[in-house]
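Here is the structure we will look at.
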């Protein structure tokens, strides 16, 4: 038994059982108990009137470090995470790709002193060798990123190579995060649009069609169904994509749907209007509030498994300095995803327990971190967030800690605020001020490195 | 904060999150914490190698008290419950029916010193007045028992009267436990069989047909769907009945399926062979292991919500002393249900977590007792059971504590044993010996009495 | 080979294959050929620009003869049928019920000289004896009418008696037409409404609720599923009822949904407004055009099997002369059903081929008349209708040939007109004038009399 | 009206209505009437005891002419067709592909004197230009053949090119026959197997996997669903492929499943055993009679739309003269498909009416030939087959008229025999002897050439 370093008193602890009104006891960075006990503690935090939530987990971020530090780096990205209540990120960058076990180890070492929050690292599917894929999983990659199309400078993975990897990694519970857009359709559309010299925001939805997403998801889903590989479909943009995934699951495939705030809040019209500032792919496809409502329904009823930000920031200058074709893809999101989802939870679109599932428990489960992360049970890491449900704040560019310094959600007023973020028992942020230095966060090897 | 009366150390605490290896801290009869803390406790229980499970809940028992004490009474029935790890029962007896709020209060008072374990009391749907139904719910009945057929001396409830009650109780979350067999079909079959002077065990399946059950369930299900009343269908005997209930739920009805060990273990052939000793209704319908397997599959995948014993005992003499027509319906079950289900959990038919859901958490949720009962969270009642997964024992008539003194499962060897049962922090049974006197158990008013 | 009595030239013959442009050759009252042949014919009919459709079949009419000739009789009702293109009716009257084989034979003999068109006769489920039911089927009843509620002076059939009949008639393909409204719910609602002295049109929808219909259909459907009896649910009033029937069919029950124009065109509001003039049961339930649209969709996609008029006329005086409680149930419909459905077919709501299925082929198939009736194939009876698709007419009370002399559809302008009706090769009506005397129509014994 | 050239008397004419016992009257090569009329005819055929069926339609044959006349040519292939009751074939050969309108016209002219039966011609999707595809459809190709993989020397069609064609041909009801196997998976498997120097029959199922078929069908299905193009999936080899197609259809795609006798009768084990003599792709996948039974069930219930032979013959010498890798793909089938399916119809596996749908009506409908072909209605071409249901014969290599001179079904005894085949009123074959010379058959331009 251990001495208590910290006790959080009087908050509402959200677990999958429901809300427990009690204290959280922390020792050596772990939750050692929840309940009401009279034990001396080195430090007492008063959480009266606050929610005590498991630290948020954003499993899809690009911090560009190493790679392109003009867009983001780990110190800035992970600081933004901490301020937003995110205590674990899973990171991968297309600018500097990890294909081999050696590269993974090297990147983890390089980042040893660069992250404010805990982090896992994903690998890209190696263009060179399926052996690389097998090895990088065994070395601790959290997931293997697969592109079905050549995008962001990442080479498309052919069906046969993905199938080969699934066969080679059978029985080892490897997870693939699939960016699904059909190469043939997107490449052809690009050629046609460029031949017409079209260069406004309107090229985006034509270039990156819903059909391309449907074809890729259906194809990869068949491979998963036949070979048993666990597949998360990244950034599902439309209800019909989620429906395909649900059908595959009914047929026995181990598949999940990820979505992002951009598919829950933004409209296709904005893409046309704001061009590069809404350039991300797959693009926002909603024509109406009803379209967005259909996505929220899928989020509520469990057909969408979790939410991530797909944080892929660029500065205003970077977004503006090139044609619609050359402008970087992606949105900043790590600063705002929790704010948007908490607002939804506190205004009734989802429950607070569903919030915890979507942005903490479910990514923890799927990526092998649960119950160390994603829960507040005895034995869990003492990663937790104090949320004031009564606060209101407005998202503003000035408060964005990412190097992007802007957000597509600026101006939106949200209910609820992250008051403090604790990582393994240490307060790392308070009222959007980051208290902990880079290096506070640790590398979390994936399940393959733990015999998973 | 309170002093710790009891700490259970070193067990595997089963929660819906999974298994937590930690301690359980009890004060004033409640769980005050789970985890590992160094706090002084008046008493320490070593649970090394044991499961620590939430106290079992048997929501469908008949203790015949008041009514017919020759068959059972609360002291014997609740002692058998305690020995089996059941810390809460929901009781109702057809012999002495509760129709009014006054009767409910009176029965609760009468039982104040007669139960070893905590108990809720159900009411029968009043043959006199829907006002009675409304009032008895408000007075704290756990559920309203509805018969669609005139059985066990209970009058059938017509569709219109059930509908009227649902309208009157709308918005008050009343729960109806429905014994569904179509009156017309069972009454007619009885007439035909008696006209033939048929009097062997074979009359049972013809008298109480699957069709009668299907018709009643479909009819009541339609009423529930239209009027929003919450309905549990008692003792579902066949997969097709569960399928009807699932379809109703997909159509928006708030309906659940209950089943009992007799539909998971017994065969129709036994009914023919053993006559009165297998007379219960609806009867066992399984023709083969595959039929039983289909029920287990529904149990695993959640289409069956929970299990109860439907304990309705008679002594050997009572079973033998009358014709097949006059012999009492029912089986003793409170002694054996947990043993059978734990065996299934420890030999892989269901998981230990699914066991906890089926015989503790789900009845607690459906009947408004959760999370005070059905969980081991800070704030829950300290009702828990220590289970030794490595023990083996044989069910024998001599070990039956119910007045029945026999069991249809006698001779069956089971994996696992209930080592000790705690009710609100007090040990009430140990190694099948009951330690607590009648009166240890308290009445649990239903949600209608708590503004539910 | 036979001499040709009649050839119909140049029309569009609608078959389930599609439209054939060719001639129809008739000899001795039968179609002997379709095509284009140069054969001498005693008579030539020019059908240029017209559809040649199989004679319409209205399988649910009440001509009150014998019974209450003040409301309708066979000469008037069958004349109205002939004028509307209906060459076969299946008749039954609640006023004078047929329970036994003897009664059926007697009624058929009585009607030998009273019908302009061919007719089958249904029997009522006997309140006296299931033997009667077996015998009346064997004597040639087209279907057995079953009421689940005591309505129109017809006694409700208990589930057990229906089940017994299905067992007794197993393998003999008997068909039951079920008027499904739960007795308990309707009887209770009546008592409550009368106790309030409510007496406006608004009592109808409360008295005859959708729930009552759902409960009855679900119950009888279960019986059909278990025992294999073929059941048509009469006058389905709402999409949810049809959905229950479709689910039962997916589960293996041999069940069909019938509907009537009143559920495709009339609104619940009219019932409140017009009282007795919209008193029929189940009542019109549509709240909006969208509700009606849902019924049309079910009609198009085959979930509703066919349409009948449920012709049950009363004169204006009869409707007006009593309270809402005492006024007779029912609408006149035999004059107008074909006009309304042809209008739908010619304005695109359904196809002309679907019209033929709904009001000719499908009732012929279900009731064992096909392909003698319901088709225009060599060997079929030469019952056919010439329809002018370009004509327009207005439905008016003055043109109603039924004794009712009014229609709920008066004032509606419709596309298409029945130009001539032929029964077994003889023209029986032309331009709404009836040419043939009563006695032209023959009795069609049901399949039970033909060893079916 | 015309003089009657031919009357077929006394047979059972199978239509989708059922069996009509009557005569078939033919004038100038067309059916002019069915029925019983006393008209003089130049010729009378006695069909007493025989079925009179619409001429069979084999919509997937390869006659290799022009191309590789050592394997087959139109005179031999179409003679074999005529002997088997096939009066219409849709032909395309990979050896000599049709990509342009000019090539189509030229091939049709070349074949003017080479076919015994009527024929449509399919085109291959042009590797050069989508304009070609549009033009060849307009010129009268029956369908556009699409390969998703590079097989038989045909280049794979990328998703984007297929999508472009569907957009360009939108509203013109073009039909695509898709050979669906994923290029990436088959190409990769081939490389791996060759690297291992594997060269027995066992390479076939590994090379041409079920997964490859599933991936291709799902991908193309998504394109069809999004863009509305009508797609027939050729030679579906497995129930799971048909299930994907049914799901796509439920989602609104206009898609159909074709299968062939090899997927209804042959086992995967034979492929291993007989090597090149069972080399066709997708290969036979059945492991057991139950697997074949599942395909027959899909055939019966309509999920498989029709059957074709996929006749792609080679002589024994051609099959034997090369390695398993180099041996030609394909089986002879035009001689035997009708015999196998008629046997199934006469021994109860399917009904005789379902036979007519599968091998005549449905391909006629899908490919725009109905009701000129695929029916025996007035106006239809007088293509018909007399079948003796009581005959029995044994399929033998010696009776194969195709140049292949062997059959995988040799030795099988079948019920039923084609007694005579008539094409547009002329007898072209009798008792497996071909009476008509090449040139008797006419070219049938596709619907695109008729403004379809």
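Here the chain labels run A, B, C and D in written order, and each chain numbers its own residues starting at 1.
Convention: a residue touches a chain if its C-beta (ideal position, glycine included) is under 8 Å from a C-beta of that chain, and two chains touch if they have at least 3 such contacts.
Please read these numbers as outputs of a predicted model, since none were measured by experiment.
A.B. asks: Which chain maximises the distance between its CA centroid and that of chain B?
C.D. replies: The most remote chain is D.
A.B. asks: Can you work out the whole-Å distance between the CA centroids of chain B and chain D?
C.D. replies: Computed value for the inter-centroid distance: 62 Å.
A.B. asks: Report, in whole Å, the distance between the mean C-alpha point of chain A and the mean C-alpha point of chain D.
C.D. replies: 51
A.B. asks: I'd like the Å distance between the centres of chain C and chain D, where a centre is the mean of that chain's Cα atoms.
C.D. replies: 44
A.B. asks: What are all the chain pairs that meet the touch criterion?
C.D. replies: Here the touching chain pairs work out to A-B, A-D, B-C, C-D.
A.B. asks: Report the residues of chain D in contact with chain C in the complex, numbered from low to high.
C.D. replies: The contact residues of chain D facing chain C are 1-4, 15-18, 20-23, 25, 31-39, 371, 375, 377-379.
A.B. asks: Touching chain C in the complex: which residues of chain B?
C.D. replies: Against chain C, chain B makes touches at 158-161, 163-164, 182, 184-185, 187-189, 210-211, 214-215, 218-219, 221-223, 225-227, 247, 251.
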